Structures are given as C-alpha cells and as structure tokens.
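A single structure is presented below for examination.
Naming follows writing order (A, B, C, D, E and F), and every chain is counted from residue 1.
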C-alpha cells in the first residue's frame, strides 16, 4: 500500500495575516530578510481576482521512465501519486506541484479538482498545466498554472514521484508546510520560521497610503507624497481630521 | 494560374461525435490507440468558451527567401497562398497553419477571417499570430493562436508556401482532412482512420459521472467515488432512482 | 542631484492621426517605407480594448551590479531612476521601458502608475512586468507588459540605469520622442520624421472597405471584393447610392 | 515501392567557383542581391577545417505520429526515407536535413555515412544530430550538425517524411539542387539562378588584400589600409613591385 | 553530523559488458525494451575520446533559498553536500548531478575532481558546469557537462540538497545505482534490472558488420549490404574465408 | 565626423595581478565583496588555452532600425562604429561587445581582428559571433564568443550604436575601463575600484595547495587535506621540508 507523509500546518492566524499583507509586500519584506526571490515565476493567475493562502502540500513529478511508471499502474488508481497528495488535503490547504514546466501534461482535471474543492482546498499552484480548464475555473479554487492542455497527467514526458517532499516549483524551492500566498501578481513562498517577522514588518499600517494615493491621482508630486515627505505631513493631518478617520 | 488541391472531408457525423466527446477524452483515447500526443501545444484559445470541430485545411509557411517571395507578388493577390487555402473553405472546415511559431507575422487579418466566416468556417488554429485581433474575436469563429501582432503575414521572417499539404503545426503532424477538435484546453488532431475507434470508446456514457461529481463536491472520498467503487454502487443506484433518471 | 533629460514632443496632431490609422496599417506602411519591423514583440495588451498613442519617454534597465546599485540608495528615493522618468511625464505621454525581458522585476507598482495617471499619462509599454497588477488595471492607463510579479523593480537581476536615452525594447529600437501607438495587436514605434508619410499613405480612406466587409460576411468571393475588382465596382456604386452615403 | 525524386544538379564549375569564394563573401554578396540571410544558423562545423560545396539533396522530418510511422516499418528498411535520400547521392553532393532542431534523434550513424562517403558525397548539414559521432568524424565528409546523440533517427519525436522536397533547415529555406557551401563559419545556401552573379561580384580579385593584411598586422591604420585609401596606393604599388607579383 | 546513504553497486561484469556494447546500441535496445529515451540530452563530452561506465552516485541541486543555505555553512565544509557525494566514491563509480541546467554554477572544481580521480572514479555527468576546466580535463576522468564557468557551486541560483536520491538529470530520470555508460555521443542510463537483457540482445556479434563497412566504403549498395541481404551472403562468406577469420 | 570617447585605463600592475589570480578565484572573491555574479555567461573560449586580461573598450549594438542605419553608410566606412571602438585600442586592451546574443551577425572578421592584433590588443569578448573564424583563431588574440557565422556585423538584426559606453554583455554589466580577465572557464568583470581588494584576498598564497593536490591524487581524504586540517599540518610540514621548498 502506498504511504505518503502528511505536513505540519502552521497556525492559521499566520496564514490569514499574510493573506492580508499581500504578495507584493511579502516579496519585498522577505528580500529585506535575505530571501532574494520568494516569487514562483511561471505559473500565472488562471482565476483572476482570487487570493489564496495556506500551507503547501507538495507533489513532485519526474521525467517519465517506463520501468518506473508502467501502463499497468492505471489498473490500480491507488498507485497514482497525484491522487495521494489530495488525500492529505484539509480545509485551507494549498497544493504546489513541480511539473517540470511541462506543457503536455494536465496534472489535475475536473474530478480531482472537484474532490479538492470538496475538502475545502484553497488553491493550486502548478509549474505546468491543468485539463478540463473551462470547468476547473468555476470550482471556487484559486488556480495558478502555466497553461492548459487536453492531455492527462502522465500522458507524455513526466510522472508523479513524490508527495509532501521538498520540491522546486519553477525555480523556487518549496518545503512541505511552507505558507503560500497567491493573487493576481502570482504566488510567493513564506518559510514558516519567517512568517512572524514578515507579518510584523509588512503589516505596519501605512495609514498615509490612502491619502497619498488620492493626491497622486490628482496630479500631486511623487517626491512630496510618496513616501510622505515632512512638508506634507500637515496637509495629511488636516485631510485626516477633515474626513474624521 | 495558381492551383492548390482540395481535401477529402470525413463524414460530418464523425466530426460531430468527436465534438461531443471533447478534447480531453479524445487525447486520452488516442493515447490508448498508440498516438502518444495528439494535442497541438502552443496555440491557445483566443475565443474562450468556443468549441470547434471540422476537417483540416492546411497552410504551410516557410522561412522567408526573397527570390521565392518577391515584393512584386503583392501586385497579384492571386499569388498569395494564404488566400488560396481559404478559397477551399466549406461550411464546417477548420484551417490549420504551420506558421513556424513566428510572433512577427499576422497570418490572417479581419478581411480574410470575415471571408472565412462568411463561408461558414468553423475555426482557425495557427502556430503563430493573427492581426486585427479585436475585430477577429467577434466574427463567430473559434480561434487558437500563439499571439497577436500588427504585422501582416509575410512582413518579416516567413512566407506562405503550401496549401493542403501535410504540415507540422507546433510539433504536431497534421494531414489535410484530419479532424480537428478544439476547445478551451486546446486543439487535438484525430486521424480520420481512427475516428470511429475514438468515438466508440470515448463515447461510452459514464452515467455515474454526474453522481461522482456531486459526491466529490460534497467532500466524498476520491477512492470510493472516482472511479466508482463496488461498495458505492448501491448508493449510486439509490441516488439514480430518487432523481428519477 | 540626479538630472535626466526631457524629450522633444512631436505635434499632437501627428499623434492623433496615427492613433486613428491603427497599429496594423502603421506596421504595413512603415514596411513600405523600409522599416522592416516596427512592432514591439513581447509586451502584450494587459488592458484589453485600450488604444494609446503618444511620444516615448524611455527608461533603460541594466543587469544588476551591486557596486552600482547599493541597498543604501533606497534611503534616498531620488536616486531611483524609475521615478525620474515619470517626473518628465506630461499629458499624452507614453513610457517605454527596456526591462530586459525580466520576469522577476515589477518595474512599476500601484503608486507609481497612479502618479503617472494623475499627470495625464497615456500608457506604458514594458519589456518586463508590473506589480500590484489588479489595481493597475483600473487606473485608466493603457498597459502593455510581458507579465506580472509581486517583486519590486530592482529586487533581483536588473536596475534602472538610463532615462530618455535610446533603448531596445524587446528587440525594437526606440528613440526618446518616437511616437508609440498601441492597441490589442501590440505596440508599434513610428520615427517622428516618418510620421507624416505614414499618415498620408495609411490614412487614404478605403471607402469601399465597409462594402467589402459586408459582402465577405455574406459569403462573397474574396477575389472579387478584396481588393475590390473592376467587375465589382458597379455593384459597389449601386450599394453606395442606395445607402445614401 | 517507395519512389523519391532526384534533383537537378548545377554546373560543377559554379560549385567550385563558389567554394573558392567562401561563405563569408557569399553571404555578403547575396545580401546585396536581396537575399537578406542565406546562412543556416544552428548547425556548426563538426569536422573543423573542412570546406564542402555541392548541390543539396534534401530530407524532411516531421513530428512523430505513430499511425504514420509504425514499428512495423523497421521490418522493411526500404520504407525508411532517410535511406532513400542517400540512394540519390552522387559524387560531390551535399545532404541537407530539416530535423526540426531535435536533439534526441541521430539522423545518420556510421553505416549510413560510410555509404554516403563511399559514393563520393561531400558533406552533410543537419538541423539536428548524428550518432556514432567518433567514427563519423573520420570518414572524410564535411559535417555540420547541432550536436550528437546515441539515439537513432526515429527514436523519439520525429520521423523522415520527404526526400528532395523544399525544406526549412534551421529557419533557412532550401530548394533541392540549391548550392550549399560550408566551412568553419557555417553553411550558406546559394539559389542556382543567383550563382553566376555571386561568382562575378564575389570573385573579383581583391589584389590589395594581402598587402592590407600585412600592414594591419604591423599596426597600420585601419582607415588607411582597409579599404585601401587613395593615399596608400603608391605604397601598395611599391610593395607589389618589390615582391615581384 | 551529516549522513547520506551509499548505493547498491551492480555486478562489475554487467558494467563492463555494457561499456563494450556502447551508447548507441544501448539506446536502441532499451527502446525495444520500452524505455523510450534513455539518453541524457544536454551534457556533452568534454573529454573527447573517453568512454566511461559505472554505477551512478547521484547529487541533487535545488533552487537557492537563503534560509536553507546560509553563508555560515561555508565555515563548516562538512555541511556542503557536493562533498558528501564524493565521500561515497569507489573505484569505477560515476557521479551524476542534477544541476538544473544552471550555467552560473561550477559544481566541481579541480580539488574535488582530483579527489574523485584519486579514489578511482570513472567519470562525471552534470546537467550544468564545472570550473577550473583546463586542469579538470587532464585528470583522467570522463567528463560530460553543459559548459564551464569560473563560479563556484552555490554562487548564484542553486545549492546542493540531496545525495544518492533519485534525480532528474537533464530530463532523464536516474536512480542511484543505475548503470551509466557515456562516450562521445553522450550518456545513457541503464536500469540495473534491464542490464542483462540489453547485454544479451545488444551484444549479439554482428559478425558481418566489418564486411558491410568495407563494402559501403567502396561504394557498395546500402540495400545489399546493410542489413546484409540474402544475395550478399555468399560474397560475405567468401570474403570471410579469404581473410582467414 | 564621428567622435567617440576613450577610456580610463587602470594601472597595468592591477591587470597583471588579476591575471595571475585567475577567473575562478576572482569570481569567488568578488562574491564575498558583494558582487553576486561577475561572470559573463554565454561567450565561451574560442581560443582554448589562452588567458587574456585588460581594460574594457566597449561596443554596444542595438536592434536594427533602417532609418538609423542605412545602406548608404557603407559608402563611408567612418560611420561604422564597430571600427571606431578599435581606433581606441592600445596594447593590452580588451574589447567587450554587447551583440544582443545575435547568432546571425559576425561582429568582427579577419581584417578588423588583424588590425586589433596589430595594435597589441589582448582579446575580445562578444555576446554574439565572429566571422572568418578559421583565420581569426590564429591571430594570437584571446577570443570569447557565442559562435561563428559567415554574416557581417549588420547583415540582419542589429547595428553598432555606442562606443565606450556602459553596456550589458550577456546579462553582465560592464563599464568602459573595467578590468576583464578571461580564460578557459570564461570571462569575469572586475570593477576597477574593487581590484585591489580582490588582489589582496585572492592572491594570498595557498602554499599547502600543491601538497593537497598531491595527497588527493593519491586517494587522500578530502576531509583531511582540503582545506588542510590541523591534524595534517605536521605531515605537510614534513613534506615541505623533504622537498626543500
């Protein structure tokens, strides 16, 4: 019987705090904390407008080798590891797949994704493709992929090999249990041990940002309003008082 | 005078049956029938939501060579082969173009595509680009392309060379008259001689699929419901009876 | 103090005339005038449906070198050259950026683009990415980019180096002040000295085009109606008379 | 029985004259005669120091499709088209192969190349690979390839489809019978109809070139000696007289 | 203390038999045994003329992540996993590295390779680069690499992560202990369980091959001599008798 | 008349000291000094065995635009900027060219390189190609290029635009006057201001390295001899005494 490990899930409060901060700020703050590039470059938002956040279940594909992945394995669905990663899914989880950038393999189709959505899954990030894409879009999941294809997961060049092991997703390293936050700008990986630091710095309320946005949209001087210069503080305070916030 | 051959068109019933089956199932079934990868990888759905199916008219581009394609040929539109492939168009036809993946050539523009739509054309698959894309989207055709460009078909690196000859479209071999089915997941090529087999196997009604989809969306166990396990059959039959179908 | 040059702006009438002509016709006409490929291939329409036209402010990025772009420079925003290109912005201007095709750098984010929109900017063409893309889409600007990312402009491999200097944007040469026209087909560059010629030729009213479009959509013969053949002129004139135009 | 066409061979004097002129001058002169880029970019000299020239026998590969190229065909070697192109070989011929840039297919191995050499073949240009490369190097043929591989010609992604048909070899168009000249700088294609013009212009003896080379190697001024400036003619004539040539 | 597993080594007789057979025949025979593509495409022979064969020690690199691979680890060389794979080396071993195709990392330099050679190592296959390449060439090892670089193993984008684990080397799957055979055509991977079958089929002495090679080099007919046709057998036997072999 | 600036040349002692240290050590030491990647990845050693070092004269190419680079300019060689960079050449100089990775342009041919060699030039690094490569190899210059081609410098996609300006050579930033060191591992760029630091650290004589190399080649333990461990010092000293060095 196939056995695959589960992951350690971080405190959900951390996940939600990171979701609030957003990918752009997370990417910048991790840079300040020495993580040069936490963004997963390649998979793009397929479900525009969605924001997903959660711990990473991971799935690793390997280049196809026929003595390792025989046709016979289809007779026993339990041997297909891309099913097993979903068996571990809990509400709020993200699935992150190293599909080796392959454009000829549809890692998950409608049924697999329906199952994941049924378990309360948050979203899926694949360095590769999904199939049944028209239906997949409407399942309520967040989806970040390189593309779509009619092919199934092991039709051509790759096969599923590892579940909840460390993976490389599109040249970004992901540990099982790392916190993934994804929105229209893409997906970022937050090492659990750094989550609190990111939240602390990234979450500091930039209370003048709304004021700045307004002034810039009115043709205000970038030098004066962004970041807020000393000689604009009085104006800002007056605006703040006036709107009673 | 330029003469180009027409194609042999398969029975329309085959085409419509394949359209019903859909690209994902066709790709899988062709795999079982030894065609490893029938999907045309590269051209993507430009007219999201459209499903097109029909026999392939083919157009082959070659790398530009100025002694073969002189400026003078513009004086005589009849020498432009990308026009000739459209002359053969009948209701329900697909046009498949090997444009060598070129991103600097707009194979067809608004006028050509309007003409093709006027003849009842189904859709166009190009390993390359179209131009006048904003207007092209609204002609009722299905369009699968790599991208768009303001350039015309022979502006830079390629020129049209063959009509209704065997072509490579984005690393997939296409014979004139092959049946093309395309949807949001992409386009697949069905050799005419294999169409009946694909239809027979792919069309077997998976009558429990709707039940499975429902159970999975409710958090049901993938192992039990997909594929439907023996111990779930009673539940399925009860559900089926209850809904009176 | 950082000083960067402004640009020479062409007569606004030229800009508006080119906008009317559109990218596809401009590309063809420039080809006839010896400019083989005026299209910027790579950056695609992010704000579908938008048409932008204006003189080019240019921004050049270079491969990151840490002795040239130190962390310390963040302490003084004025040293960041991607801000300076925006300081020059006037109503109707386009910003064109050589970001070296980098997918890990978000050249502009919400605040910078809000500022540019506040000044009346027309649009932005980047051989690279933006960040805060969900908000950027709604600022009223036209945006042509390769992609999006959560990363900031100098997070990884590149840094801003030159403002209003000649640049290569995705293998197309752009002089500061060149006229950029961009729509759903992409962006084209018009050398100012050639603008009048393009307008003269490209603007000749193809008055039979509407008639041709109608006939083709009705299944009319491409050979007869496009271009309009001698034996179709009578039909065209009759149609024209009938509709009283 | 498989039948494939032979080619028309140009006058051997043309071939030998072009060989003398060399690829660099041919490329330039064809540019002046409107052929923008006659060079086959991709295949590189594998047999350094060799210069080959001759008319092109052509071989076209297509993306693998299993219903077109079955395993059964190996039972009958005569169905393998990469053999047939060699059946046409005559002394002085070049073989040019569109192998689609594939790095996993060894188009020819030792036996095929030995046969070609035995017939007096000049050389082979492949937009792909050979196998048995260590032995192939010593057969006396000129070889221009992208690389080497242990795989055979149809092991993975492609299969031979056409013999002595027009092909694209690495983005360069080649007609059967075109004259190929190849040396350490690569291979160029000369349309037969333009061969005389190229020879006439390219062959004009630059009799001062040897003098120029000498002066430049001695630190002479590029502006004075290349091209030979009027004020250097006397010096040149003196040098010429002195050496008695 | 870092602990990494050793590998199971196959019978050396299998290794030597495979070395005799050579990569081209191995690749073909594995294809017949269902392994579609056993060749490692990318790394090329750096030590031309060398043939290496042995069981695979494997080393896996991952995309750099600074919280996993800190500068501090340089203080303790024992934490560097690219050293550990060499600690396992025995006479006749091959080292195979998944370096993710990175061209900015020199996986091994002179000292590491000298150590490996000192232990009797056979060769190294890297989907990436070495450094100190001029000296590395002369150590007596067989080297197959993508290129060379002055950079060290973890200077930029990757870091060593796993030793003697299953890896992907340039899109080919390699198990620790698989038999690697490499020559000028490249490297192939033989699953240990299939080694005997390959040897049995691939090793059948093609005793007429030498005769065939001779006849082809003399201009003999490919159809008659390769493979040896019935009507050439008498000639072959006469030749064989005459030379007394 | 075309005027282009000369460069500031660093003290020749710095150049020679860096040459002694070699590219591998320079790359590592610059990494320690915060320059993450000083290596020019892409251009490879064409003149194997050569080591070149000197200050960088720079040449920048731009994408071809016909209104900027007309055929007419060939009438006046002085307008060709790739000549001008050579006019500045002094003994010991390196020429570094941003040729945009173009494989269809031969930046320099035999005559230009002969002139440069005649002036005492050290070497040339091009993110692109040379032509007349067979003759170029023998001029005594060090050459690092991406490839070779029969085409001339402005035959297809690029034209020379700037001399002795800051450039990007294959994703590495180069200032005119930076010190370039190149050998079989490739080329590295040393900012002049950092040269002394690199020399100081990189030049510290590792006097035990010869001993270590010997022991490793004899099968000695990597852990003991590299770096030299405390318990190996006595052995080292004994060896040193014995050989009398």
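We take it that a contact is a pair of C-beta atoms (placed from the backbone, for glycine too) under 8 Å apart; a residue touches a chain by one contact, two chains touch by 3 or more.
Because the structure is a prediction, the values reported are computed rather than measured.
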{"item": "Partner chains shared by subunit D and subunit E (touch criterion as defined above)", "value": "F"}
{"item": "Subunit C on subunit E, rotation in degrees - Cα superposition, rounded to nearest 5", "value": "180"}
{"item": "Residue-number overlap at the subunit E/subunit F interface, same or different (half cut)", "value": "different"}
{"item": "Whole-Å gap between the CA centroids of subunit B and subunit C", "value": "32"}
{"item": "Distance from subunit D to subunit B - Cα centre to Cα centre, in angstrom", "value": "37"}
{"item": "Overlap residues in subunit A, where contacts from two or more other chains coincide", "value": "36"}
{"item": "Pairwise chain contacts under the document criterion", "value": "A-B, A-C, A-E, B-C, B-D, C-F, D-E, D-F, E-F"}
{"item": "Residue ranges of subunit F in contact with subunit D within the complex", "value": "77-78, 83, 86-87, 103-104, 106, 109-112, 114-115, 117-120, 131-134, 147-152, 155-156"}
{"item": "Subunit A to subunit C touching residues, read off their complex", "value": "22-24, 26-28, 31, 36-37, 39, 41-42, 44, 48-49, 183-186, 188, 212-213, 216-220, 222-223, 226-227"}
{"item": "Footprint of subunit A on subunit E - complex, ascending", "value": "34-36, 62-68, 100, 157, 161, 166, 168, 171-173, 191, 193-194"}
